Amino acid sequence: MQFTAKELAERLDGLLEGNPDVVVRKLAKIEEADEESVSFIANPKYAVYLNTTKAGILIVSKDFEASGTYHSVLVRVEDAYTSFTKLLNMFSGSDSKVSGVEPMAFVSQKAKLGKDVFIGNFSYIADDVEIGDNVQIYPNCFIGKGSKIGDNTRVFPNCTLYHDTIVGAHCHIHSGTVIGSDGFGFAPQKDGTFQKINQNGNVIIGDHVDIGANSTIDRATMGSTVIHKGVKIDNLVHIAHNVEIGENTVIAGQTGISGSTKIDKQCVIGGQVGFVGHLYIAPGSQFGAQSGINKSIKTPNKKWNGSPAVEYMDSLRLINHNRNLPEVEKRLRLLEDQLKSLLALKND
Amino acid sequence: MQFTAKELAERLDGLLEGNPDVVVRKLAKIEEADEESVSFIANPKYAVYLNTTKAGILIVSKDFEASGTYHSVLVRVEDAYTSFTKLLNMFSGSDSKVSGVEPMAFVSQKAKLGKDVFIGNFSYIADDVEIGDNVQIYPNCFIGKGSKIGDNTRVFPNCTLYHDTIVGAHCHIHSGTVIGSDGFGFAPQKDGTFQKINQNGNVIIGDHVDIGANSTIDRATMGSTVIHKGVKIDNLVHIAHNVEIGENTVIAGQTGISGSTKIDKQCVIGGQVGFVGHLYIAPGSQFGAQSGINKSIKTPNKKWNGSPAVEYMDSLRLINHNRNLPEVEKRLRLLEDQLKSLLALKND
Amino acid sequence: MQFTAKELAERLDGLLEGNPDVVVRKLAKIEEADEESVSFIANPKYAVYLNTTKAGILIVSKDFEASGTYHSVLVRVEDAYTSFTKLLNMFSGSDSKVSGVEPMAFVSQKAKLGKDVFIGNFSYIADDVEIGDNVQIYPNCFIGKGSKIGDNTRVFPNCTLYHDTIVGAHCHIHSGTVIGSDGFGFAPQKDGTFQKINQNGNVIIGDHVDIGANSTIDRATMGSTVIHKGVKIDNLVHIAHNVEIGENTVIAGQTGISGSTKIDKQCVIGGQVGFVGHLYIAPGSQFGAQSGINKSIKTPNKKWNGSPAVEYMDSLRLINHNRNLPEVEKRLRLLEDQLKSLLALKND
């Protein structure tokens, strides 16, 4: 993979300043770049590297001010960060597309595979599974009976989809993720034991959903646990039975969502956040890391923080008040002393 | 699978009101039910659906007041929720029992298998493993040397049991769960490095234990990490070396229990709770979500909350006091101003 | 495996008191030991067991005072705990070394294997992988294209290493751990959707690194996520893209570290701790369990606690002040009442 400065400028719809024939073979951070690298300045604080970087080509914003002497050919673009994400795709590495069913995969005779499918060795495709075109199932995955996977979706190694799981098109499911495990439902008995409540529902995942590594999404007791299209879920996230996550909601690592909670669309949830069960969360809500949410939120587009969560600005105030408690103690003592003197005086 | 209203009433020991010949083929939520569905009203807030649901049959409590016109045949039972959990079992889906050793499974010649065992493809049963009757080991599991699994236990895909793990009868171990990994033990050295301390013990799990997906239970340094019978553990829970969990204790998702802590029986632990090491927790203790427990608890049957945890009612008071801190600040200022005036007056 | 008292004393460089020919076959806790056990007293609170234990041999510190009658042969050592960790190695169980490529493993023709390597059944070694001498890859692992694993490293069952992952020598990677999954990077679009940003970097792990079960370490967007030598990581830990962890830092279970944060060497991080992204943490920093860190730390060797974290001693003060809030409320009311009386008096 290599590009000339001229080719890059054309692909990024940018303006070239310098030698159009310079060739780059890789993408690098500005402080690590060499002559064969293309790099970029999206954040002004990296502008200081302009005069020292060895990068063959630098992608910068159209209004970037290049002062002093520098070595790199510049390509000026509308938005350097967007161009950088395009470059990431152009230079994507050895993670290339493969197809075919490897000889040590197990595919049930009753499963249906689309065109150009890849099934890696030691993956298990059970009865009545339907797999769309261009789907890639890496080694050591289990796809349970009756599950369906939409076109162009990729399931990375060591994933488990329990029976009757529905996954949309263009999804990425990273390694170790488990979809469709039983919800955590037990009926307390009089003798102190708990009886398992069968979990008869399933999990439905829309198109363009990304799920990180080692996350878990439980099947519904009845009906479906639903992840709507465009949702992005990070690593080690726990989504309990009968939860529903609205379109384009983003959930960072190690967050947990308890049973039957419904989170509406376009929410942004930080890491290690916890939601209790049976809540409704309005669209566009945002939550700081480690928040704990124990009440439904009906007003959309607000920011929340803390455990139990309050509105974000209030949480900052509470944190400050809290840190000020030793000072409050001193002021209280002073008041008490002063008042005691006054009262003593009065009683004299 | 289908049932007439008469059959359902008999099975649930209920009283039939309406056409005994109505046939249902599935179980559904009341708001999603159609003519071929049986549904139920356990929570009074769902009673509003009585007059609009299309459900062929409705399970209700014996004293439910059915007013207005409605379409469904009613079956009156002692407790609608208990009947619902029975229906979940009656209508359980395609997750049916399988048996036999699939051809691409690996079973050591030195392993002993019980009757009617299922071992899925790509599962690895090491030397000296003993597997009881009716055990189901789904694909892609690893059962380490010398491990024992009791009758009727199910191990779902992609689980790992390290060597010498003992699992009781009637357990469910969900996908991705790891049992018997090394405890986190390292001896600090003078040069700043840490030397691994061998973890020679094992994990022992009693009968009727359920463990969710992607949880981890570490083997003991010496002796055993013990999960007693009837314990229910959710997803992504971390149980460290030499921990002991008492009978019928319930642990929700993403909770972590540090080394050598002993939690007694019948405790209820919320999600994302953390226990430091070497604690003792009395039977019947309950913990709110996100609690942090750093002291042993000797009095049984109390509720705890917060981080560090205090008694539940105290934690609610502290939360309220905390939220009231801006008000405290105002009152303090007013007092200071008033006192200042008084003192100024006095000094006049 | 068995040792005489004489042999043990020699191996531990200890002083023997009693019959040198006593034979032990196992290591046990003092309260569970029998005649064939060696046990130890490292913590004074276990000294009470001296007169009742059945242990054949007891390891004690050189200055241990043995009063009353007792049954065991004593071996006096410099440090009983260090000797105990040596004993753990001497008595390590059935987790013995194996070698060879099992017949149902898949090893690409383009992969290079060192000497005395073990590759378990159902493990997948992709193209261009390089595996050092004495490496053990247990069953059901996936080692992606171009990855390298150093000498003597052990990868336990059901692990996933994505393409281009570099792992050093003498590492332990426990089951279910995922290394090299895509970082959580998405570019927000004007229509509310998020576009995936390709993650072209990789993960580099130094020598003598231990990683627990079901942890996840994401590949870098560009460049590398780096875990330096001697780092110890517990179970269910989340390490995001472009994070760097310095030498000998220890990270307890369920902690999460957000993107691009750099933690320097010799830090000690408790369980369930969260770091936001793009921080720098100075060497030797220590963090209490459940801390939340949202600011860089530039002064080394300090202890931190709480969420948001403050210095450890301050956090203890704040916790006390917080618990004292009901008392503050009472004192405020008393002051208000007293002042009200005073003011009333004055106005009379």
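By written order: A, B and C. Residues from 1 in each chain.
Just so we're on the same page, a residue touches a chain if its C-beta (ideal position, glycine included) is under 8 Å from a C-beta of that chain, and two chains touch if they have at least 3 such contacts.
Since we're looking at a predicted model, the values are computed, not measured.
Where chain A touches chain C, the two copies mostly use different residue numbers: shared numbers make up under half of all numbers in play.
Fitting chain B to chain C on CA positions gives a rotation angle of 120°, reported to the nearest 5. We define each chain's centre as the mean of its Cα atoms; on that basis chain A and chain C are separated by 25 Å.
Across the assembly, chain A contributes 104, 122, 140, 158, 176, 214, 236, 254, 272, 322, 328, 332, 335, 339, 342 as residues in contact with two or more other chains.
Residues of chain C that touch chain A in their complex: 104, 106, 122, 124, 128, 140-142, 144-146, 158-160, 162-164, 176, 178, 181-182, 184, 186-187, 192-200, 214-216, 218, 221-223, 236, 238, 240, 254, 256, 258, 272, 274, 276, 292, 294, 307-308, 310, 317-318, 321-322, 324, 328, 331-332, 335, 338-339, 342, 345.
Residue ranges of chain A in contact with chain C, taken from their complex: 27-29, 32, 81-82, 85, 88-89, 91-95, 102, 104, 120-122, 138-140, 156-158, 172, 174-176, 208, 210, 212-214, 230, 232, 234-236, 247-248, 250, 252-254, 265-266, 271-272, 289-290, 319, 322-323, 325-326, 328-329, 332, 335-336, 339, 342-343, 346.
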